[in-house]
């Protein structure tokens, strides 16, 4: 069951991703990306990462992508935006490079993976406590410092966004 | 008395210093007195030293005076030390004596010159250098004198530096001498390498004690190299070309340096090294051959020259050739003897020529002279003495010395040497009398303007002439066959090789198959040759004045060849001077240096600069482009990381 | 059976697509979206690894990545807006004053 | 029962970070409450300076020991302390040189100083982070702040463009970095550097391809930050477009932070696979030096020239990384410190000479400076010779250190290429002095208004450059102690 | 700047340099000629963590070079009286230069040596670039980069020595005297010798690395040329003596033919190119190539005469060529041209000058009785003792020297005065006289009584030869085998230390 689900969702993900990079209209592009993200959220659930899946939809697909859409509309961008192409000759090499990169990655991940120490968080264990609770625990214990620093990051981003985008200071 | 030897050097040096530093602010007379006084004192000391030497037993006539250690490096050691022995005594007497006379003469001759004090400064310096050359006790110190006389020669030839020809001649003299010095320097080094010393005494005693067999290669090389130096200094083939040009200097300079003393340095040096030379028959042959060839060659050029000083210059070269011929056949005493008599009469001739030139306000072309006999009688008379002396008419000095050389050439050498010498002697007599006749006899070809100023030279010029004439007359008796004083005196230097054994009475015994009559026959023959030359000149220039022109027309080619000195200067220019200049400019400087070396240095710089301008184009300013580089770099790195074993 | 490899291949595809998008698109916002796509691909790989390793660190990392992405998005879009204010375009091929 | 791991909670260990963030806030508050007029905003600079100084003072902790805190996500050791000093120094100097500049450019906002302070926090985290997550977060804090600072001259298109380029490319490169981290995580199951190291050690030091690829991708991400070819392309453009004071900051702080992370990750986590990554760095080092130096020759804009020079210096530092011996690491530390002095000094001069609306950035604009403003010219000459590696300046000792390290590890070829490059670099550094001293002025220098703060910065830089050049011993010893931790 | 202030600066600098010279004199008088060890040694820790010391001292080899430096300095400063532009900076540069030069000759710590070696580039570069002629920038940059190119390789070699020494003794030090004791394998010596020799050969400059020299000389101000020719070039030859020979004896022996031929080509080539120059300074510059060729030939003769001659010739060249540049500078000050064709007949207007010029010219030619001869003869003698062929070819250089110098002298000083401007030239002033006279006095002194100089260097040179000879013997078989084959770089494995 989950196998079919995986393949379907994966297909959707890839398709929307490919649509994203070939779509002329940025609004549609954003929508495709949202779709990709939502599909990924499904995969996260398949991987038993419910909290991440939720955040993916709420924060990523919801907040961030809406911000994108918001800006696209604010700037009133249309299809003509990409009229000028200074590097037409880069297209084919770029795609070839992408394929090459993909090939290399595939060759690499064919080899032995997951050689590392298996951790204690087996499915059963996680379910016994709850995914979200575990993550919360870890965030306020082991990863407290990065977590706090993230606040600075967000603060910086807020200041920056205001600084750069505010019409009048 | 011998201890005074350093004073011989000191006086001229003081003269140089005083005249050089303060001469400009002194009266001309003072300058002259200081200069002459310095040399005069030097001469007096030389006589004292000579007497001192005479007091010693003949075998012990060697005195060395150490002054200080000059250069010492490792086993190499060159002292500043003086050596007095018969040979150097002969030399110092000649140099300071003749030098003194010429100094006196110069007072009058140079009286009107602006560089008066400079002149005497140089002249004194020259005398010092020459005395140093002959007094030094090792090769390197000798080399100092050797080069220093070259320097003085340079300075004095170029004395009238405003004349381009003079400065050119000066430079030529120095450079050609340097070519010779090249050989000399190498010779000295080779001596050090072979003998581990450069002291005369040590080298010669090592050489004469049978450590080296005759014909030893190293010794041959040493002697050849030293002889190379001698050819430069003494103007032998192939390095003689500077001497005729050197006549650009003031005439007394020509007399002193380019006739009487400096040019004989080569002869002196070979005589000094006779021990070495005797060990190398090959070198001796070379020396004799070159000497003979030069004697003939220069004499032949002298036949047709029209410049009074040039004739004398070629004559000098020719006479030097004789001396080398003498040395080359092993007759060192004969060489030195001729050196001395030659100093007397050639100085006399030059000074006489100077007097003529002085009288004619600078005219040197004998075609514009003539009939001066009555106008400048003293000059004429003394000049006549000198001419006879060089021509080899007994009993004048030249006769004895030249005759002895010819005899030696015949006895020790071979018939060819003798015949060349004889022909050269014929030439000598001819051109000298040609000179005499054209200058003092016949019709006057002097232009009016010059004629008005025609006058006999002042006393301080004529007195040296008379003195030298006297010496030219009596000088020969020092080496009169059979009772040769100079042979006796020099024999300690030339040891077993002296010609005392064969000269004079002992001759018969030594070279038995020729018989005792040989010397006398030789005398007769050479006198006959001289007279033949004189007769020929008389015929051509007094009796039939139009004969020379006919002959010239008849043998146009030979005449032109002789007149242009066999084009040797031109050949040298074409062979050495011009190609060197051309190669230096075109290939080395503009080609190798600018184009290749500098070009490649700047080329690398330009290459990097060009590369910079190409590579910067990668920086297109397009973000996508930059991202592309990142991806390329990524693939490269990943491939290198994963597969790059 | 869906193995880790499946997820990782999918992740690789998404990542590659994102890279290609960055290379061929000219609209700054779309490029930015492609970069977001790359980040998402990475997130997938993290979560997949975490799952198969029985580890939580991957999920945590994804959480941080998202936060960072949010911050970046805010700043990035602000920058794009600022550019647009001055230049009236978001075509990065037109934004090319500085080169060489 | 919920397992709650017991935290090694040591607030003192992050005291400098706390001080800096606190002062970041204070600056913002001061800005809000201070007058709108530009003239009274001097306080901002002084407050932020105070923050830096305090952070420097309280950032000291007993040396010689390694202190892990926050469950091994944060390390305090001599190594990170040394880097903290470099960061604080570059921050302090940047603030000093910014003061007059941002007033002239009318971007005198509290946010400017706050962002600088925040980005310093990011750098510190990069140097101190004990796992990949901390390092990543630190990197992002630093980068995002600098993206903003680069575009701080909002009204200038050149600044916008720089900011956009930096941002897009930075985010792109970060994508690779993250992917690398995920692969390492996938392979080792750990993001903590020590655990990664013990994993590799457990497998006999033989890494598998996934790990290697992850390593390669991390090199890309950090190579981008330290401006290594071929990830350097943003550098000239961004350096040119950014506000000059930020360019100065960018060329020292983030570069140092990049190397701090580079060294810590590769020496601690991948130390036993040295052979695998040194060949990559080897190639990168050669490319970076050569391309940086060669292209710098053709530059006419001084900021671009310094940008390429900064790339070249990254190349020299990579040599030390290749050598990977304690000499190389301490050499890197020393070099970065020296580079901070000389580079900020050079930019300070650039700032002094520029005026509003007339940036005076062409190298030819410096003609005749030598005798018009001897002090500035001497300072500039000093910095240029130092960067060229001429004794007795700091740059020479740094290069000496690095080449020594290379030779010690037997990389003669690399050292030879390095010195050849350093000769090439002489050309363009020398050109500045040529133009200053040997060319007649092509333009008149208006009377410069030189603020005392920037003079202080120049003097500090000069003293630093000379002191490190002539008496490097003390700093060398500290640097050597700092490296012992990594082994 | 007002002229009084300028005058004050000049006089102060002059006094300082004279005081330095006077202070350096005790070095000579208190120097123990019988000891080969370094004397007047100062050793203070400088960078202890690297084993770097401020370690200076002199022996018979460096003694005279230091004295030459301190002696030429007041002379040069006196010759810079005409500088009016930026006097203060000029004088500072001169004094810094002096520091660097003395430092180079006195350093016994290789790191310190390198620092001084490079340090002295900066003031020289500024001197050429700021106070030089029309193409000064090109010349200055070329000078700087060219020299730097050589020296960076030396830096690498120094570092390599440092580690090799550590490997051998376990001690980290840059002490030259310690390095002397190192026994290096031939291959290592080979490469390190090359690195050192490259730096020094550029500095000397040996053919074909000489092209910076004419440019730098031509464009430099008079004092710059004097220092450049007088002292800077000596650093190269000094480097060979101090470092290459004793540190890498076997390699040095192997390189005898290469270096000797380069020297010989330099002698002849320099002379020929010099001969056809039309610019006085260029002529003198190329003559330096020739003269320094002699020095190199002497050093690589590997015997006492050669090396002592080489050192003497270093001093001589400093004096004679320095003096020649001063003379050319005096002409330039008067006429603002250095083209030979613009002169001619100057003797008439400037007799005193002519005399001084002539003496200097003759000294440069190597006339016996003047200084040049002593050095040249000893060099040639030394070279002759080791390889007759080399010495024979090189000796022909003395002919060429006469040609180019005298031809130049003739064209400048002799003939009629053709150019109007030359008719009003003034003879040497008191200041110029004061500049030249000390030089000329020493020229005579060394020429006539060189032994005090030679004696002081005896012990050191003997020791040097012992070092080179003894070390060379131990691996003497190696050289014959390795002459043809360039050894592979196994220095990597030799230096590679454990991590």
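By letter and in written order, the chains are A, B, C, D and E; residue numbering begins at 1 in each of them.
Everything below uses one rule, namely that a contact is a pair of C-beta atoms (placed from the backbone, for glycine too) under 8 Å apart; a residue touches a chain by one contact, two chains touch by 3 or more.
Because the structure is a prediction, the values reported are computed rather than measured.
Colleague: Under the document's definition of touching, what chains do subunit A and subunit B have as common neighbours?
Modeller: Per touch definition, common to subunit A and subunit B: C, D.
Colleague: Please state which pair of chains has more C-beta contact pairs than any other pair.
Modeller: A-C
Colleague: Using only alpha carbons, which chain's centroid is the nearest to the whole structure's centroid?
Modeller: Looking at where each chain's C-alpha mean falls, the closest to the middle is E.
Colleague: Need the CA-centroid distance for the pair subunit A / subunit C, whole Å please.
Modeller: For subunit A versus subunit C, the centre distance works out to 6 Å.
Colleague: Quick check: how many Å separate the C-alpha centres of subunit B and subunit C?
Modeller: Going by mean C-alpha positions, subunit B sits 97 Å from subunit C.
Colleague: How many angstrom between the C-alpha centroids of subunit E and subunit A?
Modeller: 70
Colleague: List the centre-to-centre spacing of subunit C and subunit E in whole Å, with centres computed as mean CA coordinates.
Modeller: For subunit C versus subunit E, the centre distance works out to 64 Å.
Colleague: Among all residues of subunit A, which ones touch two or more of the remaining chains?
Modeller: 86-87, 90, 94, 97-98, 101, 104-105, 107-109, 113-114, 116, 118-119, 143, 146, 150, 153, 156-157, 160, 163-164
Colleague: Mind pulling the subunit C residues that touch 2 or more other chains?
Modeller: Where subunit C meets two or more other chains at a single residue, that happens at 4, 8, 15, 18-19, 22-26, 31-32, 48-50, 53, 55, 57, 60, 64, 68, 71-72, 75, 78-80, 82, 92-93, 95-100.
Colleague: Any chance you could list the residues of subunit E touching two or more other chains?
Modeller: Expected reply: 145.
Colleague: Taking all chains into account, which pairs touch?
Modeller: The list of touching pairs comes to A-B, A-C, A-D, B-C, B-D, B-E, C-D, D-E.
Colleague: Give every residue of subunit B touching subunit D within the complex, in rising order.
Modeller: Touching subunit D: residues 605, 608-609, 611-613, 615-616, 618-619, 621, 623, 625-627, 629-630, 632-634, 636-638, 640-642, 644 of subunit B.
Colleague: Tell me, which parts of subunit D touch subunit B in their complex?
Modeller: For this pair, the touching residues of subunit D are 164-165, 168-169, 172-173, 176, 209, 212-213, 215-217, 219-220, 223-224, 229-231, 233-234, 236-237, 276-277, 279-280, 283-284, 291, 294-299, 424, 427.
Colleague: Within their complex, state which residues of subunit C touch subunit B.
Modeller: 19, 22-26, 31, 92-93, 95-100
Colleague: Report the residues of subunit C in contact with subunit A in the complex, numbered from low to high.
Modeller: Where subunit C meets subunit A, its residues are 1-2, 4-10, 12-21, 23-27, 29-30, 32-34, 36-37, 40, 43-44, 47-57, 59-60, 62-64, 66-75, 77-82, 84, 89-91, 93-94, 96.
Colleague: Along subunit A, where are the residues that touch subunit D in the complex?
Modeller: Contacts found on subunit A: 104-105, 107-109, 111-119, 129, 133, 137, 141-146, 149-150, 152-153, 155-157, 159-160, 163-164, 169.
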